[in-house]
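Scrolling down, you'll hit the structures one after another.
Across the two complexes that follow, chain A remains constant while its partner is chain B and subsequently chain C.
Then we have the complex of A and B:
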C-alpha cells in the first residue's frame, strides 16, 4: 500500500517533466510576437521589444529557456509576468478562491447528485425517478453560461436575493450560487451515473445475500449497495476536481470571481507564458494527485481491490 | 467498515484540503434601502481592468492603465470633456512664434502628493527618461519631434529579430529641452509642428517627481502624482483605489472622496452590477444589452450616450499586387458597403457611418471629405469594378478581409462582406470572405511584417483630438501606422505644409485638403465612428464621459440622499 503510493508519486516526476516541456514548447510555438500586439495599431518601439525579450529570455534557445523555467520552478522563483507583477503573488491570490469554488461545486455534485441518483435508483420507474430523469435532462441540455446568466439576472438583478457579482474576498456564502452553476451540469451526470450503478447492483448476489441474512434495509443500502455503486461515480468526481479548477473560466467571468480561470484567460489572450506555464503545471499536478487519491479510495470502497 | 491505512491518509488529506479552502474570506459590501449607501464613505465604484504596465505615464499605451493614470496625473494641457478642445492645465502659458521653439511656463504653487513642488525640471527629466531608448519606454516615439531625439534614442539596425544590437545612445538628455528657471522650460523642435500644443495633453507628456528616479520599479507600483486624485492601493486583478487629492489646485475639485477602480473580466458582469446599483459607472455596455436598446429600458435616465474619437476602416496592402487592387477597385468596394444598414442592424445605431477619414468630434473635422465615394451605390460599385478590370487589375477569386478572433469583429465583417458581394453581383469574378487570425498579436505581427494576404480591419483611436492625428501617423509615407504602405508625394507635401503652418486655422484647412486627397487612391475605406454608451448607478450624478470614452473623474458626484 505504502509502496504503491510511493511508486505512484515517483511516476509523477517524468509525467510532470514531460507535460511541462510540451506546454512550454507549445506556448513558444504560438504564432505572433507576444509584444507585437501590445501597442495597438502602432508597432511597438524596437527598444521596448528588445528589452522585453531579453528580460524574459525569449531570445534564448528553447531548451535553455526550459532549463531556466525548471530551475525557477524548483527554487520557487516564478518571477514577474509581462505586466511586471509577481506571478507567485497572483497565483497565491487566485488559487484559494478557485479551490474553494471547485470543492464547493464537487460537494454539491456529490451530495445532490448521489442523493438524487440513489433515490431514483431504488424506486426505479417511480415518481421520484421520473422527476430526477426529467430534471437531469433539463440540466444537461442547458450550457453553463445560460444557467449562470439566468441565475445572476433573476436572483441578483431582478429579486436582489444575491449580489450579481462576488466580492474580492469571495466568501463561502457568496460562492454558493456560482458553485451551484458550476456543478449543475455534472450534478446531472453524477445523478444518472449513480442511478445506473445502483440499479445494476440491486440485482447483485451480495445484495440478495445481505437481504437474506435479514439485515435492515438501511444497512443493505447504506453499506453494501452504496459502497460498491460509488466506484464509477468516484472516478468521475475525481477527474472533476481537476477540470473544475481549469474549467471555471465561464463561471468566474459571469460572477466576476478573481480565480485561476480569469487569470489564465487573460494570460492566454496576452500570450503571457509566464502565467500560462505555471498555471498549467499546477493543473497537471492537481489532476495527477486527485487521480492518485481516487485510486487509493477504491480500496476503501471495495476491499477486493488490492494494491501491489 | 474496514479501512486500509492508505485510505486513511487519502481521506485525511482530502479533509485537510477542504479545511484549508474553507479558511480565508472576509466581508463583502452590500447596498440597498432608501439611504444612499455611497454618502457615508464618499466612495464610488467604477468599472476597471488590470493595467498592462505600472503607473509610469511614458510607458502606458492602453486604456486599462490610461484611464486610471488620467485620474492621478495632470499634464500641461487637458481636453475639455464636452468639446474635446485643449485647455491649459498645469501650464500657465505655452508660447511660440514659429511653432518650432515653444516656451512653457508652469502655474506657481503646484505640488506632488509627497509635498514637493512641481518644477520645470520634473517635466524635462520625465521626457528625457521616456525618450532614452535603453529605458525601453513604450511612449518614446512621442518625443521624436524634439531636437536631439536621434542622439538619445537609437534604433536597432536590423530590427528586434536581427542579431545586431542597437548602439548605445550618445547622451541621455534631449538637446531640445532646456530648463530656464524653476517654472519655465523651452522646447525646440526639429521642424515646426502646428499641433504640438494639443499633443501635450497626451499621457506620455506627464511629468515625474524626483522620487521616481530613485526607484522606478517601486514607483510604478506605488506612484507619487500631481493630479486630482492620489494613488492609494493596487490589488492586482482586483481593484485600484484612488483618493481625492486635497492639494489639487485646479478650479474644479473632485466631488467624491474615493474612487474604486473595480476590475471585471466580463462586461456582462459589470453591467449586471450596474443595473443593480452595485457599480456606479461603466463605459462598456455589453452587446447583449445594446440589442434592441434593452440598456435604455434597463437604465432609463441613467444611460449616457455620446461619441468617441475612434473610427473603423478597412485597409488594403498596397504593396501586394494581388490584394492591393487599384484605386478604382478600392472605390468600387467603398461604394458597395451599405454603412447605414450595417450600423443600424449590427450595432443598433451605436456607431455612425462616416464620410471621411477623420473622427467627427475632433478639431479640424470637415464633413464629406470622402465625397460620394462613401455612400452606398451598387450601380456605381459595378461600374468602378468594370473600370478596375479594364485598367488591367484581375481580382483574385477569393478576397479575404482579415480580423482577429479574440475581438468582436466577426459580425460586422460578415455583414460588410455580404454587402460587397451583393452589390458586385454573382458574376463579378471576385468573392469577398471574412477570415480570422486567432489573436490580435498575430494579426498585427502579420500586418507590420507586410505579409498579409487580403484587406484587413483597422481602427484608429485618437491620441489627441485633432485632425492631424488621423492623417500623419496613418497615411504619410513611412509613417508608424501606415499599414498598407501607402505613399503619395503630393499628400506628403500637403501634410508637411500643414505641419509647418503657423496659423492654426490655416493648418486645419491644409489638413482638410490633405484628407480630401485620400479620395484619389482610397488607401483605406472609412466605415463608421464609434458611439459611446455608458451608464451610472442611481447613487451618482453629474457624470460626464470624455471624448476618449473615459469617465471624467472630476464630474462624478454622489447624490444627496
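Then we have the complex of A and C:
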C-alpha cells in the first residue's frame, strides 16, 4: 500500500507539470495580446505594454517564466491581479464558499442519487425503476445552465420561494438550490451506477447465501448488498468532486455566488489572466489529488484489491 | 416511411467488414443483426429516431419549418411575448424566436457532429495504434491523454478559447465554428482513445487475430479488417452520446461568451443573449433552451437504446 501510494504520487508529478505548463503556455504565449482592452477603446501605448510585460515577467524565456511560476506557487506567492489586488486574498475569500457549495452538492448526490438507485435496483422493471430511469435520462440531457436558469426562474422569479441570486455571505439555506443544480448531472449518474451495481450484486453468491441463512431482508440488503454495491459509487462520487469544481463556474455565475467559480467567470469576462492561471492551476490540483485519494481509498474499502 | 431503411443501411454498412467472403447466408446472425432485432422492438429507439429525423430535417432545410427570416428584426416588437403570429414571441432585437430556434439547429448539429467525428478519428486512431503497437507509443499516448483529462472539461475549453478567441474579439463565422470544433475534439479525444484502446487490447489476443497473423496478415490488414470492426460497438455508442454532450458543451461555451457568437445563429447564443432578461422576457430564453435540451436528449436516448441492445448482459 505504502509503495503503491508513493508510485502513484510519482506518476502524478509529470501530469501536474504537464498540465500546469499547458495552462501557462496557453494563457501567456499564444498569439493574441494579453493586455488588449486594458486601456479602454484605444490600443495600449508601447511603454505600458513593455512595463506590464516586465512586471509579469513576459520578457523572459518561457521555461524561466514557468520555473518562476512553479517557485511562486510552492511558496504560496500568487501575485496580484491587473488591478493590484492580491490573488491569494481573493482566493482565501472565495474558497470557503465553493467548498461549502461542493460539499452540499456531494451530499445531495449521495443522498438522492444512492437512494433512487437502490430503490430502482431492488425492484428492477418496477414503477420506481421506470420513473428513475426516465427522470435520470432527462437530467442527463439538460445542460447544467438550463437547469440553473429554469430553477432560478421558476423558484426565484415566479414563485419567490428563493432569492434569485445569493448574497455575499452565501449561507447554507441560500446555497440549497445552487447545490442541487450543481449536483443534478452527477446525481443522475450516481443513481444509474447504484442501480446497475445493485442489479449485478443481487445475483451474487453471497446474497443467495445470506438469504439461505434465513437473514431478514433488511439485513441482507443493508449489510451484505449495500456495502459491496456502493464501492464503485463511492469511487465515482470521489472522482467527481474535482469536476464539480469546474461545474461550479457555471452555477456560481448564474446565481452570482462569490466563490472560486464566480471568480473565474468574472476573470474570464474581464480577461484578467493573472487570476485565470492560478485559479485554473488550483482547480486542476484539487482534481488530481482527489482522484489519487479515491484510488488509494479503493483498496481500503475493497479488501479484495491488493496493491503490489 | 424512410426511417427503417436509413438505419438498415447504416447497419449493413457496419456489417460488411465482418462478413467474410465465405460466409453463408444463414450464418449472418452477426452482432449487428441481433442488435437490430432488439432495437426495433424498443419504443425509446423509435421515439429518438423520429426526433433525430426531425432535427436533421430542421438543420438541412430550416425553411420547411418557418417562412420567417431569422435575421429580420423589428425593434418595436422587442421582447414581445408569444402570440398567434409569432408562436414563441420576439427576442431582444425583435427577431422571431421560433425562426431563430429553427435556424439554430444547423449550427448546433454541425458543431456536434463534426467535433464528434474529429474525436472519433483522433481518439480511435491513437487508441488502436497505441493498443496494437504498445511500448513507447502506448506510453506517450496514454500520458498525453491523462494530461488532457487532468484538465476539467469546461476549464480546459475556457483556457484555450479564452486565449485564442477572447470574449471581446470578433472572429469570422466559419473561423469561430472551426475553433470551437477543434477545442471540443482536442479535449474530448482521450476518452475515446481509452475506449478504443481497451477494446483493441481485449480483441488483440483473441484467436481470430492470432489466426490472421499466422496467415501472414500485416498490421494494417489486422487493424482495419479484424480489430476495428470488432471494436466498433463501444465507439459507436459513445460517439452517439457524445454528439449530444458536445451540443450541450457548445451552448455552455457560447453562454460564457467564448464560444460561438453573433452573427452565427445558435441556441447557445440565444440563451446567452437573453439570460439577463429572464425576468422580463423568459420566452426568449426558454424556447431555445427547450430545443437544445430536446436535441441533446435525442442523441443521448438513441445512444442508450443502441447500448442496451448491444449489451449481451441484458439478453
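Please note the rule applied: the second predicted complex is superposed on the first by the 277 of 308 C-alpha atoms of A that agree within 3 Å, B and C clash if a C-alpha of one lies under 4 Å from a C-alpha of the other, contacts with A are read in each partner's own complex, and residues count from 1 in each chain.
Rule of thumb we're sticking to: a contact is a pair of C-beta atoms (placed from the backbone, for glycine too) under 8 Å apart; a residue touches a chain by one contact, two chains touch by 3 or more.
Note that the coordinates shown come from a computational prediction; the quantities given were computed from them, not determined experimentally.
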item: When chain B and chain C are modelled together on chain A, clash or fit; value: clash
item: Partner chain in contact with A:303 - chain B first, chain C second, else both or neither; value: first
item: Which superposed partner A:271 touches (first chain B, second chain C, both, neither); value: both
item: Touched partner set for A:62, first chain B, second chain C, both or neither; value: neither
item: Contacts of A:9 with chain B and chain C, given as first, second, both or neither; value: neither
item: First (chain B), second (chain C), both or neither touched by A:90; value: first
item: Touched partner set for A:168, first chain B, second chain C, both or neither; value: first
item: First, second, both or neither for A:153, with chain B first and chain C second; value: both
item: Partner chain(s) touched by A:176 [first = chain B, second = chain C, both, neither]; value: neither
item: Dominant contact partner of chain A by residue count, chain C or chain B; value: B
item: Partner chain(s) touched by A:99 [first = chain B, second = chain C, both, neither]; value: first
item: Superposition clash, chain B versus chain C, among 326-334, 344-352, 506-514 or 524-532; value: 344-352
item: Contact residues common to both interfaces of chain A (with chain B and with chain C); value: 30-32, 36-37, 149, 152-153, 157, 253-254, 265, 269, 271
item: Residues of chain C touching chain A in the complex; value: 143, 146-147, 150-155, 158-160, 162-164, 166-169, 244, 248, 251-252, 255-258, 271, 275, 278-279, 282, 285-286, 289, 292-294, 296-297, 300-301, 304
item: Partner chain B, residues of chain A touching it in the complex; value: 1-2, 4-5, 30-34, 36-53, 82-85, 89-90, 93-94, 96, 99-100, 103, 149, 152-153, 156-157, 160, 163-172, 174, 223, 252-256, 258, 262-263, 265-266, 269-271, 293, 296-297, 299-300, 303, 307
item: List of chain B residues in touch with chain A within their complex; value: 1-7, 9-11, 13-14, 17-18, 20-22, 24-30, 32, 50-54, 61-62, 133-138, 140-141, 153-156, 159-160, 165-166, 217, 220, 235-239, 263-266, 268-270, 272-273, 275-276, 278, 406, 437-446, 448, 458-461, 473, 480-481, 483
item: Contacting residues of chain A [partner chain C, same complex]; value: 14-16, 18-19, 22-23, 26-27, 30-32, 36-37, 137-138, 140-146, 149-150, 152-153, 157, 242-243, 245-247, 249-250, 253-254, 264-265, 268-269, 271, 273, 276, 280, 283-284, 287-288
